[in-house]
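Next, two complexes with chain A in common: one pairs it with chain B, the other with chain C.
So, the complex of A and B:
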């Protein structure tokens, strides 16, 4: 459990780093490392399929997409971030962490969640029998994403 | 079990809040998308930890896998939009989009 807590702390640190770093390439790499740590956490929680998806798709494919976009938009002028936000961000975040540590334990009993009760079978059975509609939705979402990207990168017609 | 669930909830809330702060504070479009990704990471950690605590890990896993697939589609579309915005306005600043208002 100590190792798991350390991994989660590293995950939060890397995520904050991904937001706070000025260089876009470095923050994309910090995001990839955060996904890798989250995938390891998923494995240790006993969810290997979610871990595999997190590491291969989020840490791999999304990082490639981010780095590609950063390379394509590199020569643009620098965006000037507000200086006030750079000071306020860490202060508010630390204050939130303190409130989180104080309140969350008491809040937990009041939040409704899934009823306790065992489930049987393997991951494949649950996914294909219990959540078939989700799979159909996933196929539709992937198709919609492909069409959206195609529409966005479409070349202009000559007579326009 | 409830003790470990508390830890996961604590870290998931920290991730979501870090992402929200990034969304409020940053002006670079790519940074904003990275902040959205971090909110998503917090939500998927929350889903799986709740599944673990309530012995529904397989359902939670199915939901997280669905979310990851949707996330990829979202990121591809948003990055294509960002590239087009960069072509139109010549920069990545979110404030340059205020010119769109009628």
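So, the complex of A and C:
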């Protein structure tokens, strides 16, 4: 329980860092570490597949993509950011933590039958036999992503 | 073969970039429009026969083995499919001429058809997670379509839209997780039955709040509307028409009503929340629309207002209220689609969206002016156009259900709507012709043809409103009015 709480606290701290850090590269690494911790939490809670995907895809692949993209950018003009975020974010964050601590534990205690899997079977069975429609959706999302890249990077120099 | 509604646009979308390489214009135009024409015909002609004996449950098989693709077609989903196909076709016909100067037409239609497939998939899905997946399909395609012009405004609007959409998705996934935790299932039927037995008040309230935030953001109800007045005007006109006419309704209103009425069951508390959200959106957005100078921004605020109208009517929860709400959804999809298309014609001809800079355009663009007037009067609820009948049904339903104050609010919103639309019509089309526009000419054939098609539908449905209601709206409203019984009893696979 203590380890779990500590892991969750680290997860939240790393996520905050990912938002708060001004350096994009550090921010991306903080995010990768956060998903690594999340992957460990998944493992500990008995969801190995979710853990594997979280670590391999989110912490691994997506981080590589982020870093590649950041490497392709040039340092240009300083972007002036609103100072308001520096005040609003901590206030909202603290309020969120307070609400979380006060309400969620009691509320979750009232959720009946939590942590009972509805669909049985191996990962492959669930994915191919149980959730095939989601795969169709996934294909559609990938298609949309590819077409979006093709569309948004067409005749780029004309607009630069 | 109801899976065709999802698979056909996806397959054609996959072919379109290749078709675009072979022929820059003709082939993409032909393929995309033929696909949508087929979907209109299939939904409108074959659909009714399919659901004659109750909802169709389709379990797809592959080489004799059952796959996990379970789709359901009932009165409500068929109604939405018809709306999506009709407005989708009109906007796609408009694109033949309008998207000419944007370039990469094959790509444009590919994204467009993926968005249509996403909406169709969402409407046919029979479980909560599939709803989320297809909502994302439509959303991802729409981000790129909003940014299609690649200008600074477009990119900024698309980014803002993306950010708020992601927040909405996060709420939805949270809600789905809570429901899955409670019931151990995602299937509409399984969840509805499990929730009935569980009696899980507080946890269900949390799930409802999360869904309300998520779908509220997608439907752009006030106070979740901030992204819409930027995203919808910045997109190319046919995309604005589809976003305002269809997407906020499918991924906002359809999903919200399906989940709340058919899966969770409409409680009095929820009904009150919907009534208030609807009423505030209908009136506040109408006031905001009044102050707009940008023609498309005015239309965008009007969309928020009219979606508020629909939610207000569905919040009543009576069969008449639901029927009125759905009928208004249909009418608004046609009329708002029409108005965004005419605004696109005006913008293309004059190069501006500023109402103050226009004036007297009716002399140069008579067909566009006339169709715009039909759309404006229809949304404002002027008889005998279609919008009048749906608003009348909504107001009668509100009075019958004992909500005279909300009925008065609905009338007020209607008056405001008429006010800003007349303002728009006068500033853009009536009066003396602004000399700057002396050389302006009527929009090209396909742009005019698609607006005429939608205007004729507005007039035709207004005249034949009774048969439209009995043929299309009533079966849909019956499904919703049945509450969880519509799903729990007959949707088991």
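Keep in mind that, in the parts below, the second predicted complex is superposed on the first by the 138 of 160 C-alpha atoms of A that agree within 3 Å, B and C clash if a C-alpha of one lies under 4 Å from a C-alpha of the other, contacts with A are read in each partner's own complex, and residues count from 1 in each chain.
Here is the rule we use: a contact is a pair of C-beta atoms (placed from the backbone, for glycine too) under 8 Å apart; a residue touches a chain by one contact, two chains touch by 3 or more.
Note that the structure is predicted; figures quoted are calculated from it, not measured.
**Q** May I ask you to decide whether A:73 touches chain B, chain C, both, or neither, giving the answer as first, second, both or neither?
**A** Once the two structures are laid over each other on A, A:73 reaches chain B alone.
**Q** If you tally the residues of chain A touched by each partner, is the higher count for chain B or for chain C?
**A** Chain A has more residues touched by B than by the other partner.
**Q** Could you say whether A:148 touches chain B, chain C, both of them, or neither, answering first, second, both or neither?
**A** So A:148 meets both chain B and chain C here.
**Q** Should A:134 be classified as contacting the first partner (chain B), the second (chain C), both, or neither?
**A** Both partners.
**Q** For A:28, using the defined touch cut-off, is the partner it touches chain B, chain C, both, or neither? Pick first, second, both or neither.
**A** The answer is first: A:28 touches chain B but not chain C.
**Q** Based on the A-chain superposition described above, do chain B and chain C contact any of the same residues on chain A, and if so which?
**A** 113-118, 130-131, 134, 137-138, 141, 144-145, 148, 152
**Q** How about chain B: which of its residues touch chain A in the complex?
**A** Those residues of chain B that touch chain A are 2, 4-11, 13-15, 17-19, 21-22, 24-28, 30-31, 33-35, 37-38, 41, 44-45, 48-66, 68-77, 79-84, 86, 90-93.
**Q** Spell out the residues on chain A that touch chain C in their complex, using ranges where they run on.
**A** The contact residues of chain A facing chain C are 107, 110-118, 128-134, 136-141, 143-145, 147-148, 150-152, 154-156, 159.
**Q** Can you name the residues of chain A that touch chain B in the complex?
**A** 1, 4-5, 8-9, 11-12, 15-16, 18-19, 24, 27-28, 31, 34-35, 38, 41-42, 45-47, 49-50, 53-54, 57-58, 61-62, 65-66, 68-70, 72-73, 76-77, 79-82, 85-86, 88-89, 92-93, 96-97, 100-101, 104-105, 108, 113-119, 121-123, 126-127, 130-131, 134, 137-138, 141-142, 144-145, 148-149, 152-153
**Q** Which part of chain C faces chain A closely enough to touch in the complex?
**A** Against chain A, chain C makes touches at 6-7, 10, 13-14, 17, 60, 66-71, 103-104, 107-108, 110-111, 114-115, 117-118, 121, 125, 129-130, 133-134, 136-137, 140-141, 143-144, 147-148, 150-151, 178, 180-186, 190, 198, 200-203, 206.
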